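Structure first, then comments.
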Amino acid sequence: MSAEVYAPPEEAAASPAKPHRAPRSYGPIRWLPRILFLLPFVYWVLWRIPNDEAGAPILADACIYAIVGLSLNILIGYTGQLSLGHNGFFGIGAFAAAYSLTVRDVPFAATFVIAGLCGALFALFMGFIALRITGLYLALITLVFGLTLEESLFEVEWLTNSGAGQPADRPEWLFDDRNFFYFCLSFLLLAVYIDWRLLRSKTGRALLALKENERVAEAFGINVTAFKLLAFVLSGTLAGVAGALLAYRIGIVTASGLGFNLALTFVLMTVVGGLGSRLGVILGASLFASLTFLLDETWVGVVQTFLVKVLSFGNHTAEINIEGSIVGFIGALGLLLTIVLNPGGIAQQIRPITRWLSGKPFSLHDDKDTGPGSVEGSSVRA
Amino acid sequence: MDVMAIEIVVPAVSGAVQGCVYGLLGLGLVLLYKSGRIFNFAQAEMGAFAAFMTAFADAGSGILPDMPVWAAVFFGMITGILLGLLVERVVVRPLFSAPKVTVVVATAGVFLFLYAIEGFLSGPGPRSATRIIDGDLYTNGGLRITNLGGIIVLVLGVLAVLSALFFSRTRMGTAIIAVSQEPTATRLVGISVERTAAFTWAVAGLLGAIAGILLSGTNGVIAPGLLTGLALVPAFTAAVFGGITALPGAFVGGVVIGIIEALAASNIPKDIMPGSGKVILFGALLAVLLIRPAGLLGKET
Amino acid sequence: MSVLEVRDLSIRFGGLQALEGLNLDVNEFEIVGLIGPNGAGKTTAFNCITGFYKPNGGTVTYRGRDVTKTPPHVKAAMGFGRTFQNVGMVKSATALENLRTAQHAKAGYDVFSGLIGTGASVRAEKKLTDKADAILDLLDLTAIRDKRVGGQSYGTLKLLELGCALATDPDVLLLDEPTSGMGPDESDELGERLLLLRKEFGLTILVIEHHVPLVLRVCDHVYVLNFGRLLAEGEPSFIQTHPEVVAAYLGGEDPEALAATHETAEDAELDAQLEARVHGVTATPAPEEPVAEDEPLDDDTTELPVAPKAKRAAPRTRGKTAAEQREAKAATPRPRRTKKDAT
Amino acid sequence: MSMLEVDGLRTGYGSLPVLQGISFSVEEGQTAVIFGLNGAGKTTTVNCLAGLLPVWGGEIRFDGKKVSGKDAQGIVKAGISLSPEGRRVWPGLSVMKNLELGAWSRKDRNKIDETVQMVFGYFPRLDERKSQLAGTLSGGEQQMLAIGRAIMSKPRLLMIDEASLGLSPKLAQTVFQVVSQINDDGTTVVIVEQNVGVLPYADQALIMEKGTITFDGRGEELEKSGELRRTYLGDAAAAEH
């Protein structure tokens, strides 16, 4: 997994200087099966689902979650700072956008800038704390930070429209859910571009170096303090913008739903997707955003029957609450299985395919060059 | 009683009793931190799970027979121990050589898992929890201490002393500390690291169950995630406040945090600062971590 | 001209006086050796010079500038390249990525143009890769270009780490035990490399080394540390015969007695036999010990000097010197062994 | 029959091999010293013998019985004890508790107390500091404690990794002398060392290089060989000749 961080497929495809393991080249023709393989997915995601009334909002959610996932990945996956308070940055972005649009009449486009700035500001505050407090204590303090924001700032009257929720209406051209999905998708593409540039420039390398060993980073001339803060600011900005998107997606922002569970869901989807892997994180986030949609009636029915027939614990009301808990259940199970059995997450599982798509011959076995420690050295464990 | 007393004394006393529950949860957190450098984000929910089981056994729902209160409480405590053992075996042990931060994310996963299971079992709404004992120990005007409150203070005191004695006096206690300080050396003298970890988690599960049953009792109702929302952060703050490795520190920290929170909540109006209790807790936690990371009673840095 | 001037450098850790009044000069294009037993304070001195520790007293001057309090990343950008005792690299990254990371300060573009992806930043990146490839070529490490650093053998890691230090475009190179994990032949080869690098890059080198033959061959000047103090300094030939230095290294043994041990023809013959034996066994070389993945890179653990207290605390050696004891032991075999020989 | 027989031992970390089939044996009552540069595989060898690393191939026999495949607990019970590299005492426990935990595998309280007294006999310094926290001891005292702790299980084979690391030459000599005394009292000893000062106490000397044993002979033989000293120990004085 970490190998992907350092030698992303794009690079492998672009760099010709690898004579010792270059596959037999069929010229441009070798891309043909790969493009044919991708086409149905592209058609499905970009055309089929958005035209479905129920599908478009879920895809928009997937984009929003994916941006948050990339934002968290910058902190946890690249910089090694565990943040359990991302709901705070996300929420402040949502409220800032809704408040500036509805109360202050700020132009629609500018609300995203404001949301990003607010997210960055709060993240910077957290970053300064992270300079002094590290590891487990940082995880704890970020968690408390998110919870505190939820119960204090997100309850302030002028910000929350006296607790009724701050409205955030989309402009007319975005009323259509399909258009709104494309709008969110463009933000996601922007985030992916920034993330891609990050890893291909000295900034990303600096973050990865300071994550593994701050002293080595300093010996390489990296200003550890500045780059740690930069990572927080970058991450906060992305989370804030994603929050603004969510505000417009739902149309009204309330504190409920911006709490502990959301913070954990963010961490969870990032870890399950595969820390350090861009594609993995996006897939993980999309999976979590669409879980309720994917688990249709039959699934729920099967689980319900099982629980009622076999356990029938607490069945005094004869109404077992499946729908409300199934997402958490599957998410938690996925997280535990990922951490304990498969630290590379989804990214590691789909590696043979991503490798093939990047132009290498298809092989189920992992790249030998990543070495025996590729799993142990992966970001989750590092 | 004069106004001053009602504004200060009443919330302070109820805060102190509430703080004892924080301390009780904090004891389990300290135990796990002391033995394995783990922050267990599922501690409160493990207690809540045990409290659910107690409530089910008390009311006799599903396959569980209708039990008397004492048997239900006993059943809840056993569930807590088993749950601790299960978490250790399935989640913590496979991660023995992983970074501690990974283990922490995993305990957060355990929280979500328990949360979902509780949702399956109980439905979304709150249900009534088991009260071990009713009635008041002491009433005077606005001031009221229930019998349950008295039991909580007593139980916390006894457990804090017992667990401190356990670490300073028994071989097992010493072995647990040894594992946390130098696992390799501990293996080399023939101590089973796995067995000490299982023991610790069993005790942590029991402590969590006791806290969960008592807290849900004072609360009257129980719902998925309710205990975590109510008590996890104050319990962590209490543990850090008292020095994360000092067992009596959790007791002192819990009481202090309980009082601070109650005073803030009752004296700062909601329209000036909503969630003032939480804000003050955050500030207190931040201050302790920045200024005196070893806590009030802790020795280690 | 003096490139690096250390004056009266002192640092304490708690009750331990790790360095006391260290004076050290490194002149332009010199290779200066820093030797001494484990715990003498060599790495501590390195950490003070490169800014990782803040000394309690004394100054470090670099080309006439006081840099005592300059933080390490600024020093790295100024031209201090260093290696660590237990290998300082990003172990989860490939060799190439490490060499690119090491060029951070001289990357030639700022963070934002990197994020936007301006043409200038892309061209600058290309240059970094070219330089990294050149260094890999120079050190004969091209084979591990795209391999994870963490899985490589210790000796390879030390060599690559030297490459990373070179990639920071240093003026002064500070090497902490560059030959640890290398066999004698590789160590000799490294000595040649250091001389070559100095010539090619115009480097000034300060090196901590345990492999004394290397120090004697390549260094222009040697400083010997013991218990945080300077024990001796001078040219290698002077240091080599300095009785106190020999005593510090060999645990109080009499240098004369050591020198006398292999003067006879018999010994020469024994040497030859032994050597034959050694070569017989080493015919199939095995991989070297890898560095454990999770091993902390903190290089201070082994370097924390023994408290002066410890010296007092230890029971004194019995009356004899070690050499005398050795003779006594050789003359009268230990009782148990005699018993066993008899059976 | 030798007390400890290692036959074609192979092991490593993760999937990276370190030891490539090493074989040697140690006679009962002797002191064996393993020399070698950093990274030669010395620590790997003793860690594997102590059950901290899995055996990939080959066999370890102790008193003729196979012990390879046992975990650390089983090895201690069989009578082998290791004082690990870097000492690894429990810094937050008192000296006395450190020693008592060393006797975890034994049950008889009185016999344990006897062994504690024996350790204090070897290292009077520890007796003076028995209630002090181990983390506050000096490096030399911690080394004594680590050795003392390893004796607490009453091993028949005592292994010490880097006995002199970070100690002053004088203190290192003291430690070596006590180890020699422990050896005289009937315990077989294996020491991993980089310090030449231990040679006078060695009956058997081994040199490791890159995961193989390149010399196995009597201590005196190695001592007389100036070439080996120069190559492996970087001995400045011998380099002249």
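Note that the chains take the letters A, B, C and D in the order they are written out, and that residue 1 is the start of every chain.
Basically, a residue touches a chain if its C-beta (ideal position, glycine included) is under 8 Å from a C-beta of that chain, and two chains touch if they have at least 3 such contacts.
The shown structure was predicted, so the numbers you read here are calculated from the model rather than taken from an experiment.
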Steps needed, at fewest, to go from chain B to chain C via touching chains
2
If you tally contacting C-beta pairs for every chain pair, which pair wins?
C-D
Where the centre means the average of the CA atoms, what chain is farthest from chain C?
B
Hey, how far is the Cα centre of chain C from the one of chain D, in Å?
26
What is the distance, in whole Å, between the centres of chain A and chain B, each centre taken as the mean of its C-alpha atoms?
31
Between chain B and chain D, what distance separates the C-alpha centroids? Give it in angstrom.
44
What are the residues of chain B that contact at least two other chains?
none
Which residues belonging to chain C are in contact with no fewer than two other chains?
151, 293
Where chain A touches two or more other chains, by residue
372-373, 376, 382
Footprint of chain A on chain B - complex, ascending:
37, 39, 41, 52, 56, 59, 61-64, 90-91, 94-95, 98-102, 104-106, 108-113, 115-124, 224-225, 228-229, 233, 236-237, 240, 270-271, 273-276, 278-279, 281-282, 285-286, 289-290, 293
Tell me, which parts of chain B touch chain D in their complex?
171, 174-175, 177-178, 181-182, 184-192, 300
Chain D residues within the chain B interface of the complex:
50-52, 71-73, 76-77, 81-82, 84, 88-93, 97, 100-105, 149-150, 152-153
Flag every residue of chain A that touches chain B in the complex, lowest number first.
82, 84, 129, 132-133, 135-137, 139-141, 143-145, 147-148, 150-152, 155-157, 259-261, 264, 267-268, 271, 307, 311-317, 319-322, 324-326, 328-329, 331-333, 335-336, 339-341, 343, 380-382
Help me check something: in the complex, which residues belonging to chain C touch chain A?
50-52, 71-74, 76-77, 81-82, 84, 88-94, 97, 100-107, 109, 111, 114-117, 121, 125, 133, 143, 146-148, 150-151, 164-165, 168, 293, 297-298
